[in-house]
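Following this message is one structure expressed as structure tokens.
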Amino acid sequence: MGKVILVTGGSRSGKSSWAQKTAESISPRRVFIATCPVIDDEMRERIRKHRQSRDEKNWHTIEEPLDIAGAIDSSHEFPAALVDCLTLWINNLMYRAEKENTAITETDVAAECRRVIDAAKRHPGAVLFVTNEVGMGIIPENAQARLYRDLAGRCNQVIAEACDRVVLMISGLPLEMSRLTAVSG
Amino acid sequence: MGKVILVTGGSRSGKSSWAQKTAESISPRRVFIATCPVIDDEMRERIRKHRQSRDEKNWHTIEEPLDIAGAIDSSHEFPAALVDCLTLWINNLMYRAEKENTAITETDVAAECRRVIDAAKRHPGAVLFVTNEVGMGIIPENAQARLYRDLAGRCNQVIAEACDRVVLMISGLPLEMSRLTAVSG
Amino acid sequence: MGKVILVTGGSRSGKSSWAQKTAESISPRRVFIATCPVIDDEMRERIRKHRQSRDEKNWHTIEEPLDIAGAIDSSHEFPAALVDCLTLWINNLMYRAEKENTAITETDVAAECRRVIDAAKRHPGAVLFVTNEVGMGIIPENAQARLYRDLAGRCNQVIAEACDRVVLMISGLPLEMSRLTAVSG
């Protein structure tokens, strides 16, 4: 059974960099599961830069904005799989729901996350997830942004609960979230 | 003397859930002091869901948007009291000041917080506070939002300083804030 | 060689207060390098309050919005120098670039930060930096705000990597970021 790791933190906190270095220390054969769809030029440029820096280090890349569980299942040949990132995936799920004129709830997201976790547990190697902390600012005025915040937070909770290791990145430094703190008074 | 605990974190980080479980582990007789006023339908729905999940676990609920100290004083019969949450309370204090055409400053909030802390220390059982981290995003353009951020941050500092235990929730996991780190170079 | 310390956290998390107390514990002769330019009345009032509380404790103040490295170099006579804060400095660098009609990138900021770090390492005493966590909210809609978030995050990473000690403030309490966590699977 592989180790399942969640790397969380704010934007530009060094999450992706730390997750990549950790995956690289596990095996020379690793796969990057990119959830980022190309929406505009700013994003295209970000994706291009990131991919270039990975290509130089021999990463295999799968682009999969929606079916992360499937992408993990199809990458058993790699001893290390890195999914980057869950918050963009949540964004993609919301966008799909909007296009299909359906609602997406925290319950839906929790169910999707459990499918992803099941796939990660099935994977023979290590699976790393990158996500974002998005709930430590002011309450957004926009209702969609509030929904996004709720769904992303729910996702992080469901994934973190099932992980063997959760790391919070602050200013490029990793802080281990310990599971030793029991619920008690 | 009861233990006074502060649970802080971003939105949807599992603060309320952890605080409730902790209170439930202390005593079967616990009171929930809800600071949330019903303002709109979205909030009404959130309140209804939360209350329903508590009712199933035999919580007594007091709804008190402003006088938290009074609510804590009136609940000495319960071995565990949970105040959820302080940031909404700050919001209510700001709203009252606005209606009364008066200003509210960090000094006012600090004084209110000390009244709350005094009540918590007087309480024979455990008192838990839930609050939000709201200052880790971009500076809000709106002046009221900036004031809210300052007041909430001040509140968190004054309450945390007086607590026996402060827990930061990240992705549903509790991180103990230790008081061992002395101020030193 | 002096100790170099980074104090980070959200707004109103007690960063400046903790950094000042720490500097005061090092030496009675300390210098405050203020990066804050006077832009509007709200800021003027904030600056005035902060300066007043420092003056009472015999701080020497240097106001330097751009050349932090130079300000650190010119303060070798003080056993403790406190730079408050890096995120405002980033803001000032962005504003200068805008006025000069040039772009500022993460690479530029990283180079500037290395100059600052070099100055801090040259300083015979302790150098403390205060910065803000600004990336844990919702993605800003405004492109300039997104750039600011990226530049501030990059700055924090470059500075933190070179510091002897990094402290995250949460609700007024300091959390030591340990460097013990190796990058590993």
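Read from first to last, the chains carry the letters A, B and C; within each, the first residue is number 1.
Convention: a contact is a pair of C-beta atoms (placed from the backbone, for glycine too) under 8 Å apart; a residue touches a chain by one contact, two chains touch by 3 or more.
The structure presented is a predicted model; accordingly, all values stated were derived computationally and were not measured.
Where chain A touches chain B, the two copies mostly use different residue numbers: shared numbers make up under half of all numbers in play.
After Cα superposition, the angle needed to carry chain B onto chain C is 120 degrees, rounded to a multiple of 5. Centroid to centroid, with C-alpha atoms defining each point, chain A and chain B lie 30 Å apart. Annotation for chain A: residues 10, 133-138, 149, 175 touch two or more other chains.
Within the complex formed with chain C, the residues of chain B that make contact are 6, 8, 10, 131, 133-139, 143, 149-150, 152-154, 156-161, 166, 168, 175, 177-179, 181, 183-185. Here chain A touches chain C in the complex through residues 3, 5, 9-14, 18, 21-23, 25-26, 42, 80, 126, 132-138, 140, 145, 148-149, 167, 170-176, going by the rule given at the top.
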